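See structure below.
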Amino acid sequence: SLAFAIGCAPTEKVTDAVETTTEAVTEVAAAPAADMPKVRVGFQTGDINNITMVAAKEGYFEKVGLDVELAPYSSGGAMVPALAAGEVDITWFFPFPSLTAFATGIDIEVVLLDHAPLTAERLIAGEAAPDVASLNGKTIGVTIGTSGHHSLLAAIDQAGISQNDVNLVNLNPSEMAAAFAAGKIDAAWTWEPAAGKLNELGGKDIATAKSIGAYAVALWAVRKEFAEANPEVMTKFMEAWDMAQQDYLADPKSGQKWEAERLNLTPEEFGAMVGRQGSTVVLMENQLTDEWLGAPGQPQSTNLYKAYEEYGAFLVDQGRLDSVPEDLAPLINSSYVADYLESK
Amino acid sequence: MSKSPIHPVSSLDRQSELENSPAQLISLDRVSFGYSHKRLVLQDLDLEIKQGEFLTLLGPSGCGKSTILNLIAGFYKPLLGRVTHGGEDIKGPSARRGVVFQSNALFDWMTVEQNVGFGFRFQAVSKHERKKRVETIIALVGLRGNERKYPYQLSGGMRQRVAVARSMVVQPEILLMDEPFAAVDVQTREGLQEELLKLHEQVSGAILFVTHSIEEAVFLSDRIVILDRNLGGIAHDIKIHLPEPRYTAMNRVSDAFNQYRTDLYLKMKAIE
Amino acid sequence: MSKSPIHPVSSLDRQSELENSPAQLISLDRVSFGYSHKRLVLQDLDLEIKQGEFLTLLGPSGCGKSTILNLIAGFYKPLLGRVTHGGEDIKGPSARRGVVFQSNALFDWMTVEQNVGFGFRFQAVSKHERKKRVETIIALVGLRGNERKYPYQLSGGMRQRVAVARSMVVQPEILLMDEPFAAVDVQTREGLQEELLKLHEQVSGAILFVTHSIEEAVFLSDRIVILDRNLGGIAHDIKIHLPEPRYTAMNRVSDAFNQYRTDLYLKMKAIE
Amino acid sequence: MQLKMSKSSDKMTAFEGQDLQTQALREKAMLFCVAIAIPSLILILWEMTTRMGWVDELFLPSLSGIVNEFFAMTRKGYAGTPLLSHVLGSLRRVFTAFTVGTLVGLLLGLLMGYYKYVRAAFYVVTELLRPIPPLAFITLFILWFGIGEVSKVLIILYAGALIVMLNTMAGVQSCPKDKILAAQTLGANDLAIFLYVILPAALPSIFTGMRVALSVDFGILVAAELLAGDLGIGYIIQDASTFFNVEGLFVGILMIGFFGVMSDFLLRIIASRVVHWQG
Amino acid sequence: MQLKMSKSSDKMTAFEGQDLQTQALREKAMLFCVAIAIPSLILILWEMTTRMGWVDELFLPSLSGIVNEFFAMTRKGYAGTPLLSHVLGSLRRVFTAFTVGTLVGLLLGLLMGYYKYVRAAFYVVTELLRPIPPLAFITLFILWFGIGEVSKVLIILYAGALIVMLNTMAGVQSCPKDKILAAQTLGANDLAIFLYVILPAALPSIFTGMRVALSVDFGILVAAELLAGDLGIGYIIQDASTFFNVEGLFVGILMIGFFGVMSDFLLRIIASRVVHWQG
């Protein structure tokens, strides 16, 4: 993989890249920012937004001449009505809400991938269940209708257990730790920070998104109307993102301070949490590979597209969506990344 | 009050004065009325009230005393016939006809002063003049020193005085009083009766008074009308001659008083 | 009621009967009382009530009439002195002393029958006996046909009858009545007064009555005690002699009545 | 009888024509029409906005869309569970919580109303608890009472119980002193006074409290079914929110409104039967 | 003056010793002690359970832990924002919503109380809205009013406004007819009657409504701050839940309780000042 695991020492190359772009930015910033529209960028208060915060707090958005207003959301689900109402222009969340929005007719497109939290989402169990196979007959907490639900079903399926042999309990991530501590569930499929809390309470990881081969990615979606009206904003956003990404990778410790502060954690606690996420940052130059967004106009061949197809079938099967559009291609648009990389 | 000097003026003077006065202030002319189509309360009632007269309505419960008062106040309209004030049809409530309710109906959120002055808000009276007249009337009903108090700080009798003062201040041509003293205790009531007589002496204007108490009616009235059970027909119309000034304690226990009382008592019994 | 046959029995028989009766039912012996340490309401009061006597307390407002009644009922204890019933100290409320409140204090959630029968719940009376006695007393107060009605379905006068019946049913030795008829209109009140006299004639037991109305006191009582403003001192203790039976309309307008009335009126005035 | 016509003024009760009751009846009918017409008008306007394309269906689903969604739910259920199970599940929770909460509140309220020391003892705790929303307790209730029905019912229960308690207390304290004294002079002991006098006197206030509590209980349903929810109208509302199923969301909201109004209506009838003596 | 001692019975007001007021005072003091003692006892027991290890701290954080957490928050803030900003943010939301909601409710309530046609027109809508919890509206409010303060304030506002409206309406309707007639006979026109008679007569009822609304507004705070929040006590409660910070959760809950009680106390004082004429 060309992606860098967070925490790994960044290569010299990357550092260089950061320097060069920073210089480039100073020139661009000279361009009048006044005619750029205000961009409302969404983030999630209950999740980790490292690069977004670096971009905002270290001034990369300003440097490229973007007038950015950060908008906090409690969850990805809350982004959907906000996108529908045009309350937010560009935001990150996970594939499920993006597919929900797309299927309900909200005109959005995925334009950038943030990071792939390969172990953030995982199955954690108490002593009674040392592995997935021993979950037979046990009670498992999961947030019904999320990617976690989808992954959990895959995990127990791989372990040869029938869905009917486990007792699934619908819990919000914020309720997982309490239920686990009270002994009401034997295991839970959830993500950070709840997953970390379960580990602290003595839970052991027995499966992760990575271990079951699930596709996990945090993605940026934009209102199509906004993107088409402001292509230059999109390009600038990519530029700022590129710089922030490189800055973060150059010194993750320093890049994490914003989020650590926001989440009320010590740098050590926060660093451990990020470590548990096992996230790989999707580098700018890797976005156009078939593993991620794919080349412009050819999303069908990407892993992302295949994951969407699978999620769509799952949500329809679960009765949460009436139907999913036959053609998911309009949901993925890598052209802005491509334009930026070209202009670079 | 019993200490006030007694001027034994014959009340015949007052009666003949009223007798000779041509001025009919209020007149009910063949009035019929009912609250619903099912039942008439008054039928073909004729009643006249002269300027300056103190007229009391007596009669069994439900005979229509309050109804007559409500018609004159303008709260209701007659079905048939006319109710006139100075020759003009009564179209609705007006400051020319004051009303004192049994419940006193004071504005609890206003001081005595504000309650009494309320009627001035709707009259073109200068602030100075207003203040002066409120002061005068408060003194007249014996409430000086209580101007800034609120109704809840007053006794039942004091509250009724405020209610009377409030109606007097706009100088109505007639004051309509529906059992105004029924809810206060006996001692206080007697005091209020005497105050009312004094006020009536000093302020021009007629009073239509409704009560169930024969003693009260005799003590206060120039004239008493006893209504029938039968659709507000008039059973008796009696002039009361008692020595002036009326408001002496002796007028409550004199032979003349006892005679009126006995007479009215038997007349009322006959109706029931 | 005025139609009931008049038996012109001299009331002197009744008075001498009471006079000669040695039995003191209730006795207040040098009683002092105050609701707070700041002020005494009664001081060194002596008062006795004989068996079967109808005693009325008159007096200016706040002189302590209700307080005396409350002490006898057992709602409060004297600070000094003794309040005894049949020679024994009164320790608290008891079914031996019935109370009728001005507000009637009926149980709104019970029918007339249930209200009247309430006192039986706490007595060893057979169901049959209970039913019979409730029936009798309801008939006695003229409420037959209303057994199943609830208080809200009754007029003010009827409610007071229920209250009286409720207290009578447990056959108290004395009935304490604090302005029981003050809240009903004049006509109804007169009816209730006559009913009460008839009841008192038929049911043995004393009555202690509190009122502000001189007419009511004269019409009802064997004896009237006028209290002073001054710490519940007794200003006058007057025996009333009117022809028996009391409950005739003539007793309200007879010369004897008017004389008592005038006399008491002047005595009351003197106190104020 | 022939009546002259008198010119009516809006300040006076005007009598026109021979039948005086006609006007009162006509006014009642008019009021009823207005009460029906305005909501109907709102519904028609609502349907129009989407039909005419004044508003994007994304923002305000069409009325017919909501009705269709409702019928689809009755046929297919929601999230794999029949709609009836959702409704019954929620109603069972609300009524369990309401019943238990009323009993607890009643008992506490009677004791607090009657004994001032009990009142003093509970005062601070209840005052402090009152403004705290059930939503804040979800995590704690999972810890203490688990993720089953108990927690959900308790979340709904406690706010309602507090309201019934306060109203019962007020009812007991408002019992006229003279009724208690009257019972004493008739030989009643403490228990009898409590049962036959104080309790009935407090009943109107208790029912007022129960009605408020019931409406609050319905309001908390969504919060309660946020807790490990897999069934119930509250669960439908949240799940539809998550999947941006605005029509489903409206169905859920309107169902809560409907059952809230219905059960209040029922309770009002029961109250007027029990507290019949107020006329 | 020397008084004989009379044996006290608990049914009677007993007078013992020379100072009759002593007993009343002593009772008041006793009641106050009980009112203080019981909550203190609860706090002590609470601290004991964790100190003694009767209960795992996980289930019930120690009192001292909560206090420490509170002071930590005052020093470091919560989630990068000073605690004061959280508190002020929440208070501003509640008070904005309360003020606007009261005004709206007042206006509607006055109109509905005065004009029966207005009352009829709004009846069905308000009855249906009443039991619907704010939580159910979050998605719709984001859709309609965005994620800013407007949505949050509106969520808090509407429930409170309904309560003020109902109470104002009841207040207007309870204005004694004879006071209105009295004003008419003194020459007052419709506007004057409305301003000087009906409005003041409705004030006690309006204040009752305002107090209930304020307490409800505090209750909705958590739900409102669920809506795209990053500031406020409600946010702290949720965020602490998410991070399973039970101590922080308690701090949030107790802060809502505290400010709820305080503002109710304040409103009670204001009410007794404004409606001073009830004595």
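Every chain is named by a letter (A, B, C, D and E) in the order it is written, and numbering of its residues begins at 1.
One rule holds for everything that comes next: a residue touches a chain if its C-beta (ideal position, glycine included) is under 8 Å from a C-beta of that chain, and two chains touch if they have at least 3 such contacts.
Values in this document were obtained by computation on a predicted structure and should not be read as measured data.
Colleague: Hop across touching chains from chain A and tell me the fewest hops that reach chain B.
Modeller: Counted as steps through touching chains, the separation is 2.
Colleague: From chain A, count the fewest steps through touching chains until chain E is reached.
Modeller: Between chain A and chain E, the shortest chain-hopping route counts 1.
Colleague: For chain B, which other chain has the most distant CA centre?
Modeller: Farthest chain from chain B, going by C-alpha centroids: A.
Colleague: Roughly how far is chain C from chain D, going centre to centre by Cα mean, in whole Å?
Modeller: Result: the chain centres lie 49 Å from each other.
Colleague: What is the distance, in whole Å, between the centres of chain A and chain C, each centre taken as the mean of its C-alpha atoms?
Modeller: Here the centre of chain C sits 88 Å away from the centre of chain A.
Colleague: Nearest whole angstrom, what separates the Cα centre of chain A from the Cα centre of chain D?
Modeller: Here chain A and chain D have centroids separated by 42 Å.
Colleague: How many angstrom between the C-alpha centroids of chain E and chain D?
Modeller: Each chain's C-alpha centroid was found; their separation is 19 Å.
Colleague: Return the residues of chain E touching two or more other chains; collapse runs of consecutive numbers into ranges.
Modeller: Chain E, residues with two or more chain partners: 11, 58-59, 138-140, 143-144, 184, 226, 241, 244.
Colleague: Scan chain B for residues touching two or more other chains and write them down.
Modeller: Where chain B meets two or more other chains at a single residue, that happens at 75, 92-93.
Colleague: Please set out, as single numbers or ranges, the residues of chain A touching at least two other chains.
Modeller: Within chain A, the residues that touch at least two other chains are 81, 84-85, 174-175, 178, 181-182.
Colleague: Quick check on the complex: what are the chain D residues that touch chain E?
Modeller: Going through chain D, the ones touching chain E are 11, 30-32, 34-39, 42, 58-59, 116-117, 120-125, 127-133, 135-140, 143-144, 159, 184, 215, 218-223, 226, 234, 237, 240-241, 244, 246, 249, 252-254, 256-261, 264.
Colleague: Under the touch definition given earlier, write down the residues of chain C that touch chain B in their complex.
Modeller: Interface residues on chain C, with respect to chain B: 2, 60-61, 185-188, 212-215, 249, 252-253, 258, 261-262, 265-266, 269, 272.
Colleague: Give every residue of chain D touching chain A within the complex, in rising order.
Modeller: Going through chain D, the ones touching chain A are 58-59, 76-80, 138-140, 142-144, 146-148, 226-230, 239, 241-245.
Colleague: Could you list, by residue number, the parts of chain B that touch chain E in their complex?
Modeller: 73, 75, 92-95, 97-99, 101, 103, 105-110, 118-119, 121-123, 150-153, 166-167, 170, 172
Colleague: Would you tell me which residues of chain A are touching chain E in their complex?
Modeller: Residues in contact with chain E: 45-46, 71-74, 78, 81-82, 84-85, 87-88, 173-175, 177-178, 181-182, 193-194, 197, 201, 261-264.
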